[in-house]
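Next come two complexes, and both contain subunit A; in the first it sits with subunit B, in the second with subunit C.
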Partner chain A sequence: MLKKALYGLAIASVAFSSCGGPSADGGKKATTGALGSSVAEKAYVAPGEYDEFYAFISGGFSGQLAVYGLPSGRLFRVIPVFSQDPEKGYGYNEETKPLLNTSHGMVPWGDAHHPDISQTGGKVDGRWVFINENNTPRIARISLKTFETEEIIEIPNSAGNHSSSFVTENSEYVVAGTRFSVPIPQRDIPISEYKGNFQGSLSFLSIDKEDGDMDLAFQIRMPGFDYDLSHPGRGKSHGWFFFTTYNTEEAHSLLEVNASQNDKDFIAAVNWKYAEQLIAEGKFTEEAVKYAENEWDESTHMATSTIKKSVKVLDASKLPGLVYFLPTPKSPHGCDVSPDGEYIIGSGKLAAELTAHSFTKIEKAIAEKNFDGEAYGIPILNYEAINAGAVKNPGLGPLHTEFDGKGNAYTTFFISSEVVKWKLGTWEVIDRHPVYYSVGHLMIPGGNSREPFGKYLVAMNKITKDRYLSTGPEVCQSAQLFNIEGDKMELLLDFPTVGEPHYAAGCPADLVHPNTTKIFKLEENNHPYVTKSEKEARVVRDGNDVHIYMTMIRSHFAPDNIEGVRVGDRVFFHITNLEQDYDVPHGFSMIGANTSELLIMPGRTETSMWYPKEVGVWPFYCTDFCSALHQEMQGYVRVSPKGSNTPLTYTLDDDPLDM
Partner chain B sequence: MKLKAFLFVGLIGVMASCGGESNAPATESKPAAAPAQEEAVVETSADVDPMENVGIGPIDELEFDEEIDEALAASGKEVFEAKCTACHKTNKRYIGPSPQGIYERRNPAWVMNMILNPDEMVAEDPIAKALLAEYASPMANQNLTEDEARAVVEYFRTIE
Partner chain C sequence: MKKSRILMIIGPLFLLGLFVYPLWNIRLEAPQYPIPLGMYIHINKITDELPHDVKNINLMNHYVGMKEIPEHMLEFDLFPPIIIAMVIIGVLIGFKANYKWFLGWFILMSLLGIAGVYDFYLWEYDYGHDLDPKAIMKFTNPDGTPMGFQPPLFGSKVILNFVAHSYPATGAYLMFVGMMMTLAAFFVGKAEEAKK
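Showing the complex of A and B:
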């Protein structure tokens, strides 16, 4: 009965999606042509078969990064990055807590926005994903071998890190541009004195070729605008980075009105190759700051947090040639560079057209000093001189553009809820397709590279009401998958996402799947509290600290009976998973512990801290269904009164462990 | 993956309990420390000669030299203590069986394959299937290399 109903539903939805073009009723009815009934097959990946692409979709306010397969839209994993995640113990266990440290102390939540994949020679290489945190400015690096966060750097002199975290074509740098300008250094001044007193920072973080290690290489001090989005130059414009601005009015209140006064804002074109030269020549000032640099060590399975205290700053107002402003109508959001590096597309949220600047013309205008004045000492290039063309009346509220590598561009329109396909060079609109609803970013795998994989396009929508079965006032947001191989975009699938699907990065599965870590080798585990075999398991008292060196394997802990712990102690469970088999993590949780469970991968060690507060015999158990006898994977800690002399013992099967 | 393994064990349990010859359903709990019934009971239901059966896996045949290779056995002991003692003790039945006297019960190639290819073994090999039904804990794949496994089986010859 149920099966029948589901079948009926599937047929109905296919039929639905197979009638007609964009509909007049705001797009509630879906689309397509006579052969639409086969559309579902194009997104269908049979059970046991693999997807063709990975999509890494940011969680926005969830602070995390989710891994999906394309074309199926299946969710594979949520990688914790900027927010604590009790499912995995991330940000709760002693090993990962340092990753969330900042100059403000531990910040347990973040706002994850723009993931970008590392590149070699202008092509995505599938080694790391970088992602920015908007609220407490940070950039994280995630390994695509382990799918774990390996590094997080806080950005000083910055507030709201939005124009981030895009990567240059050889992964030389990942950038972080300030969204909110602030007084630098921070000080107590009236907000009404914003204009001229607040400033922005564009940060360049270098990336180590071998291990991906990030370092804050330098910052560029900028006028007090809001820096919105950015993209690296590539090919002929490699060596440059482009940042959109809004609020060139330098308003400090009711920005939706007061920051919409100017006809044109700017795209800031930064010559980072020249910045490198200026740094080498010592043309920077060393400023005192405070920011956290947090790094994960794969060998010790532990993160460390270091507070750094200085940064090299280049002042754009005083260093001619470092930055130029490209006038761009009006409150531009997206700032997207074509695969060959020639066109820089500015999406003016309030503009009637999409603006394309030509890099060739920009170089010429700079050489000829074809300026229309300056702002805070930074030359403003002549708009007509650099303009390559415009897409006229494309839609309402353009946000972001990506490219298919075949000469076409695709732009999202937030207000008119559609994706529009147009041609680079001729600027003519070729196709348009409604989305459901209010689309933000879109992603074509390899989008931020010289070689996009122009087969699929994912549109990421902000509002989903009436689209799925309801779940109260809050509904999921959604992503929509299009096939873009033909002349017309073809909607294949939509799927719910975790958090806000803010932006995504994608790449062919072949770049990542074969390199995935399956276990952590026990012999390479250099955690200071590792226990490599059952007979090394032990409990050691050190004043009021009790260190429990415990192992786990299907389906028991060693030791599983511990006595001699007292009220007032601080107990560390240092637990090593002795499994060396793929996909056999074990969990650990302790009754009343004021933290999360642990979820420990094969060969890895993690530590949970527990303050026993009451006398008694308290159980712990494995939280991850690991085997037929998972339910039996449990143990007890006996807690005696403070000052009692219950001897410290630890056993398994009533035997000592070292036999 | 894990759930599948669990269901599989459940199935085996059902199979074992209607086979007639096995006198206890596999799901019945037994105190691990008790010597309990030896595996022989279950084994009789397997229609193979355990001394001939080499199992399923990369090893087709293994004949020991007459002399024990002491150096190899010593390195095998090290591997065993690092990766196996959480489930196997040499002096008693534990989570899994003791390897003491194993070559009176099993072909050495079978032991190698059980170490190197446990997933397929417990799914396909009649003796391994019977052992899974009896012990309920699947043999863990500890990802030993062939050389490490060879050293471990040499070490088993020295256990008295």
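Showing the complex of A and C:
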């Protein structure tokens, strides 16, 4: 009898807690209750076992992309993308410096926001990750074979590249939409003359089917709003791209007030298939611009930077049918398309409800010219005519929605710090769960595709105070992992992240893990300064430049004694790692060099530049613990006074190398 | 044609498999090599089991002063003509000679095989014992003599942090099958002779 009563009570409490809002106990009950141990098991990956999913979580203001495993939350690697990384020599060695070149010169830092995985047939294919840089508008492509940045393109006529870098369902395009509208072309005008003089750009970068090579295909000139987020249509809406806007007021100051006046802003619906047609018909103008296109060459192990000077522009105000505006309440942030492509969800940050537009109704409204006026020549569709429904009173401050592929949607609420699960079509709230704290985006692996893998959900939080051991005023940022297989979301794990976990993309490990590169083949290394055997190692003087062709292998450099270098020289260490074994990189560092170490993968060549400033005998050594004799992996460069005639010699074990 | 002759003609032809398949496999296993390093010994060359294995075996072995695995050996010049000769002789015997010759061929081939194994042992011994006096790491046996790193001739053996496995490979099995056929040819021939 007593047992039965307790049982009833337990059910009642579960039912109660599931329908309530954020609870006062901070949700700790879930991890300390009777089910606590089984929750831990669900996120546990035993030593030596692999995670089921990769999660690529952006590092926000760190400028990088971090790779985690799910469900363990283990951090595997931080891929340098937009910021220099001395750990890997990225942006410091001569080979990768060109990747960070822009029309403003070398920019050593970036603000990485939204990663997205390439797709084939509407499914994530695990080939590349694209990610945008917000501050100096750029898009990067990262190879999931090498987990290295292979390409970075700067976006001209753009500022604050935020509604980016989302990929269409056959990886036809990756987009870049400007957050800040600016005078185009840039010129000296009063800021108060913003309205009508500032404009926005939406850029479409084509992606090569074979090697992923990106090209700025065209831009669409837009009114001077702020473009916040975007998502591609898919399925029936494939061929369209949707961008949220804010500041349709076109205010230029105190935006927190002045850009929050309109009851509705817009989602811009762009017909990119039609844009392609317009380009083919020559309906564009060729504009003079300046932007950097930086590409990594896998064969030469080297990046090159090219400054490009023109772009094709389509003017949305003058080309009917290219763009339509969907009125959407109150400064929408997320712009999320359901897996079948029917619903476009606008998350009005200041709205009391979530708005869903119907693609079928949009097409009908366009056909019937059911417009509520226009903005800068772009038709505004009638709100009632396109509205599919709304989730009423879902929470405070909706930001971003993803889908589980089973008819459910999950939306983050920044102000009320929670994730809310609701049903597509009926718009009813099914479940809600608090998060800690101030969640921005969330991610379900395969989220931006026709086939999400609806097993896990990662919530990315902005604030963690009191959640972890403190580390001074700056505490870690974090992500939270939920299991979403059941009716109720189940919190499995908290894990800290690198930088601000701004957004993420995920995919099954099977799509990536078996295809990764283990070593770079020496015979395929076409670096102009490669040294393929110790016999070929040498030092060559060319005026004041000294080129050292050096090799490394467990556990020595060749040569390891170099004499004949002079103060005032410019010394290039071109170092080739001769290893052909998985996971055996070597490092290189030179005392007093005004750069970073090198960390050289098996079969790769990298170059470090050093200006010897003082007479003496100066050591260099391997920085990566490579073998039992790692500590012995070192050498010396003798530096003689300027103008001295110390002969140029280079030896290993006191022998010349070409014996 | 008699069954014994057919067996005696086909048997030696199996030896030609040695020109396609390796004779022997040596594999080194250690915790830090979850995928073991391995090499195949052919009659005319030594090859990687997985790409770059031989290079990586050399890298591991240099710590204890072992020489690099040779790209060329005298045996690589000798073995192929011997095998070719034995195949030709075997086939000719199969066509022409008395069944007693079948046994003769088998015994000669066995002797050559034993000589080959002995030669392999000598090479292994030298490879495992002729160490660079400037070796980075020197190990001694409990009795104070310098430790050798000779892989086993056949079977598995612990060598420092590695377990070395040494087993015949496809070529050797084909050779074995071929030789057994010639032995069978002898007995079948003998029975055929008795029937007459």
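In the analysis below, the second predicted complex is superposed on the first by the 626 of 659 C-alpha atoms of A that agree within 3 Å, B and C clash if a C-alpha of one lies under 4 Å from a C-alpha of the other, contacts with A are read in each partner's own complex, and residues count from 1 in each chain.
Heads up, the rule we're going with is that a residue touches a chain if its C-beta (ideal position, glycine included) is under 8 Å from a C-beta of that chain, and two chains touch if they have at least 3 such contacts.
Here the structure is a predicted model, which is why all the values come from computation and not from measurement.
Taken together through their common subunit A, the two structures put subunit B and subunit C in a clash. In the superposition on chain A, A:Leu492 makes contact with neither subunit B nor subunit C.
In the superposition on chain A, A:Arg554 makes contact with both subunit B and subunit C.
Of the two partner chains placed by the overlay, only subunit B lies in contact with A:Lys535; subunit C stays clear of it.
Once the two complexes are overlaid on the shared chain, A:Ile117 sits clear of subunit B and of subunit C alike. Of the two partners subunit B and subunit C, more subunit A residues are in touch with B. In the superposed model, A:Leu629 makes contact with both subunit B and subunit C.
When the two structures are aligned on the shared chain, A:Glu523 is found in touch with subunit B, with no touch to subunit C.
Comparing the listed stretches 42-50, 96-104 or 186-194 of subunit C against subunit B after superposition, the clashing one is 42-50. Within subunit A, the residues touched by subunit B in the first complex and by subunit C in the second are 519, 553-554, 579-581, 628-629.
Across the complex, subunit A meets subunit B through its residues 519, 522-523, 532-535, 551, 553-556, 558, 578-584, 624-630, 653-654. Residues of subunit B that touch subunit A in their complex: 1-3, 5-6, 9-10, 32-33, 81-83, 85-87, 94-95, 136-138, 140-144.
Interface of subunit A with subunit C (complex): residues 519, 553-554, 579-581, 628-629. Remark: subunit C residues 51-52, 55-56, 59, 63, 136-137 touch subunit A in the complex.
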